[in-house]
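Everything below concerns the one structure shown next.
Chain IDs A, B, C and D follow the sequence of writing; residue 1 opens each chain.
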């Protein structure tokens, strides 16, 4: 198999140790000096404020914090990331959203409706229309009204999206009783997500497996990720935005209207161990993928819920999740390292950035 | 007055010539060699593909084009702009939008509504909720449904927003009969606006005038802009994103709830001549401001409509307009030149990017 | 077969003559004196202002009329209808609508969202909430926001719902260019539908055929209707509201969530000839059924469109159509004649009354 | 003063006794035999199942009941009410609702948006449109999408609209924790409001006072009501729907767009004592008015909340409240007694019937 040839034994040892850590009670990192030359070439990732190897991030930014791991961004880290963009090439990672787009059935459907239109404004002559005498050039306008979910299209899940426990708490212990509301959440809404500018690493799992897209329900493991990274010759560093390509994004097309095909491939994703490896061993500051859920669906049995990875990332670690990112052009051009730039809508109460257009810069 | 001292006579002459051009039938640029040393220091801005001094942009990108002046972006121009971001400093130019935010009365109101919430999902046990047996960790979620206009909050007007003439055409001659629709416009919707990465120049008119914010209905002229630029020691170059600060943005606060104060100051803006000077003489690829309309309201008499500047920019020139940009921090830090990065939502049919969070990078 | 036994030959002759009329160019009624005793028992229905046998209704109420055949209601006709309600029994003909309800895919989906809720109003303390000092009894409230189509649930289609021809006209010649709009239609909207109080006749086709519900795509003919009426011993009179029971309504249940079963049976309905017989020979002032479309779907080939019956009723005749009426209890109790009372929502611009609860009174 | 002349002393005594009861702890009715001839002419209203003089209704219909006092309707009561409609005259009591209509600021705004329109369906040729080959008659359609509150226009408040106490309970003890939800309330939603058919009595307070409309904040007392009833020569009977006319409805006009005038007069209404008199002494099964809130606003000091009458009626008594009923034509024609017929939308979760069109029949 392709991945066996490209997978260095020494790296396997590191990974095994790391995975052992993840599954044990110990939080002590075990990446060790006993590794051979191949491993030596992979120096321990440098540390970063807020991040601890073997532990990741967590509720470490003070009791009022709503930002989580993105607090680790600094002028220095942004500056370094931006220097990756020396060519001035820009990749639009957004998938176009429309009323016909695939979405999770538990979110509300959407409509984009022409609200005002020039011919009708002229015909109606309603109070909002310009009086004809003031409008010899016949200037009118279009606007749209949207009914839309804050969890559709290319997204970044906010830290209040998922809750856990009897008190329905989210990141940093904010509870429904205290911070829920009729108009969305009142802590960790999308307005608290700062513009994200960081080194991005795309892990092309589909390319590494040599498939158009991973089959339905494929579990992506830490070993898969390491193997794909090795093939790419790129290492993750603490503070990175790590985007996983399953290939499902290729079926989005113009507006994500082929629900059946998308839904099938959309179910591939990471398991909890792979996610923990990314966060606790590699220092991912944010993770994402080209599917709507990032994690494999359904999760392996015994994981505590249908979305254990969401709970781990958003609630426990304070790590945002990017979803439905279009990684096709990056894959085609074999762009594995870039400057990732994303800024969500700034709408109070919303639980995620939606219908976004993140950018990868080279 | 402050601006007289900082305004060089030679530059006045250039400006006068330019303004004469704007008001005449001739499209030949007249910035000339008769100017003294001061003018000599202001070399003609370099040219750029698609832009012609004295003419600006226009319908020059082919009959199918939906992008307008943003076509002038290139890897080279983006690379140059990104090199302005050497410090890694990031300014969030978005104003937070909520149900209470100021908006133009002709756009639909908005609501951000809690759609799913953890306690209720648990209590309701409806078909979308996870069966309790599969959910020992009691993991639930929040999501919001939004009813919202595509013309609220920090915006970038698309080239199909405004129409003109008996055929209700917009940029590049797309007409309502051919390209209107029930679900928004079918040419020049916001999905066609590429990620914008360009040199940004902020013209702090309020600071130059020494006021918190310009009084209601203040007309900003080309002379004002030149004077403010001179004070700042910054020149516009073809291909720039030019953002005008009136100071109105300081009244937005947490969510734009003080409609009365915002509305008053929101009426200051550029007249058509100043806008033409930016586009035709200076080469602005995109313009914007901290108000909801960019242009002065009401316009001077005899301008053909209530929004002559919108018509000129969007329909005739194919130049996008940024609105309600938060320029307060840039003003405070005297950041007049930066890398402007903005990407709109990617929603089919929409006429503008809305509730955005553009970034200024230094 | 059951229906043969109950179908009188003389009536067959009347019906044949009537159907011949419908298919010919002649508008002269041919119900004649050559019929035998059985037919003699069926006296010609009395005439009614506005209605002409063999022609029906039409654009006869003046160029400004938006009401159509419902103009035929009078104090006298209402009084007579109300006298049918001597027992004081009330049947609720509405089907409950929810986010999960079956609807035609071309209409927008719907959501009923909790907008304000007592615990959250108290927790949020937002400007709309009562200040605690004024609220010692802790009084709060619930309200809902709805995103909904005006063509869902138990409906009465308005006369502007369907358009025809190159000028996109509807009833009485109102055209899109003149009377369309951004906020719904400006002629024949649901506010123009008067409270409907008339004699109602339910034609239980499913019971006559001895089936739970008609199979998919069943064409209901005029002969079927006459046979079912004969079985019931009830005759239609000019000015009646005639409701056809296919049995599809029995699958609606609590909220119309079983889309597959409903969709299958929902396709049974009248063809154009049967509809014309109801209107032109029997004088139906309004027609309706327990399906979402009244007419059979798809229509027989060569009928000019997918909805020839809608076009005939709404555009040509000015006859409103009732849809998704719950006729199950009427069938169970064999109530075939009653006082029908319905009043639509009074919302400007809407094209139909929706999620209604018409009443049958005995 | 006019009302003194028409107010019989004996009746005053009854009223005084009744009011004494209302303000005291005693629940024992005190309408007594000691009254003189005038009072003797006013026989005690007959009793009705569920209603107790001096107590009214309440939580008496069993622990699962969601209907409240409307349970008192019977075939007999409906039959009697319908017999009032001998003339066949119909009065439409609905006010037309539009995006411009007056509403309480705490409810969400509304829009009625053209969703599909014939010219655009034809031009777009989207998947929902009929293929041209199947549509030689060019048949298309209009539909609207609505974003709307369930508390606008002519309304009937449901028994779950208002909550009280630390457990946020509504009628019959249903609590938010148990029966709240994301999609509206799950007990006492509008689908549980049966079609209402009852004797209606309109109390024309404005006419009795000889004014167009009551001044802002006018408190309507039980004495006022009795006086107006005396003037009209009509008595309330247990089981009646009692509608109070303040005259505010005359300012609604075409669509309720004159917010200022409406808001001013909208503040007149009943105080708690008058409401208790209607329910506990007169046996009103439902009450209503031509204002948006029925009760006087603000309430007299010390009443426990801003809406003590709502709490009393909806929570404690289980009595529905009709609001914004158009009583102008009834007043003009001096129709004080009629058959009231109303049926709300049948939408799951909703807290009120909205934009209704109740009918008064004579």
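To be clear about the criterion, a residue touches a chain if its C-beta (ideal position, glycine included) is under 8 Å from a C-beta of that chain, and two chains touch if they have at least 3 such contacts.
The chain list, named the UniProt way, goes like this: A, B, C, D = Cyclase.
Everything quoted here is computed from the prediction, not taken from an experiment.
**Q** Just to be sure I understand: going only through chains that touch, what's the smallest number of steps from subunit B to subunit D?
**A** The distance in steps between these two chains is 1.
**Q** Give the chain pair, either B-C or C-D, that is connected by more C-beta contacts.
**A** C-D
**Q** Express in whole angstrom the distance between the two chain centres, defined as the mean CA positions of subunit B and subunit C.
**A** A distance of 51 Å separates the two centres.
**Q** Can you check how far apart subunit A and subunit C are, centre to centre, with Cα atoms defining each centre and the answer in Å?
**A** That gives a centre separation of 50 Å.
**Q** Which integer distance in Å separates the CA centroid of subunit C from that of subunit D?
**A** About 28 Å separates the centre of subunit C from that of subunit D.
**Q** Please output the residue numbers of subunit A that touch at least 2 other chains, ranges allowed.
**A** Only 108, 111, 113-117, 120, 145, 147, 180-183 qualify.
**Q** How about subunit C: which of its residues touch subunit B in the complex?
**A** The contact residues of subunit C facing subunit B are 100, 111, 113-115, 120, 127, 145, 147.
**Q** Would you pull the subunit D residues touching subunit C in the complex into a rising list?
**A** Touch residues, subunit D against subunit C: 74-82, 85-90, 92, 94-99, 105-108, 111-119, 122, 128, 130, 134-151, 153-154, 160-166, 168, 170, 176, 180-185, 191, 194-195, 197, 255, 304-308, 310-311, 341, 343-352, 354-359, 361.
**Q** Which residues of subunit D touch subunit B in the complex?
**A** The touching residues are 108-109, 111, 113-117, 120-121, 123-124, 126, 147, 177-178, 180-183, 186.
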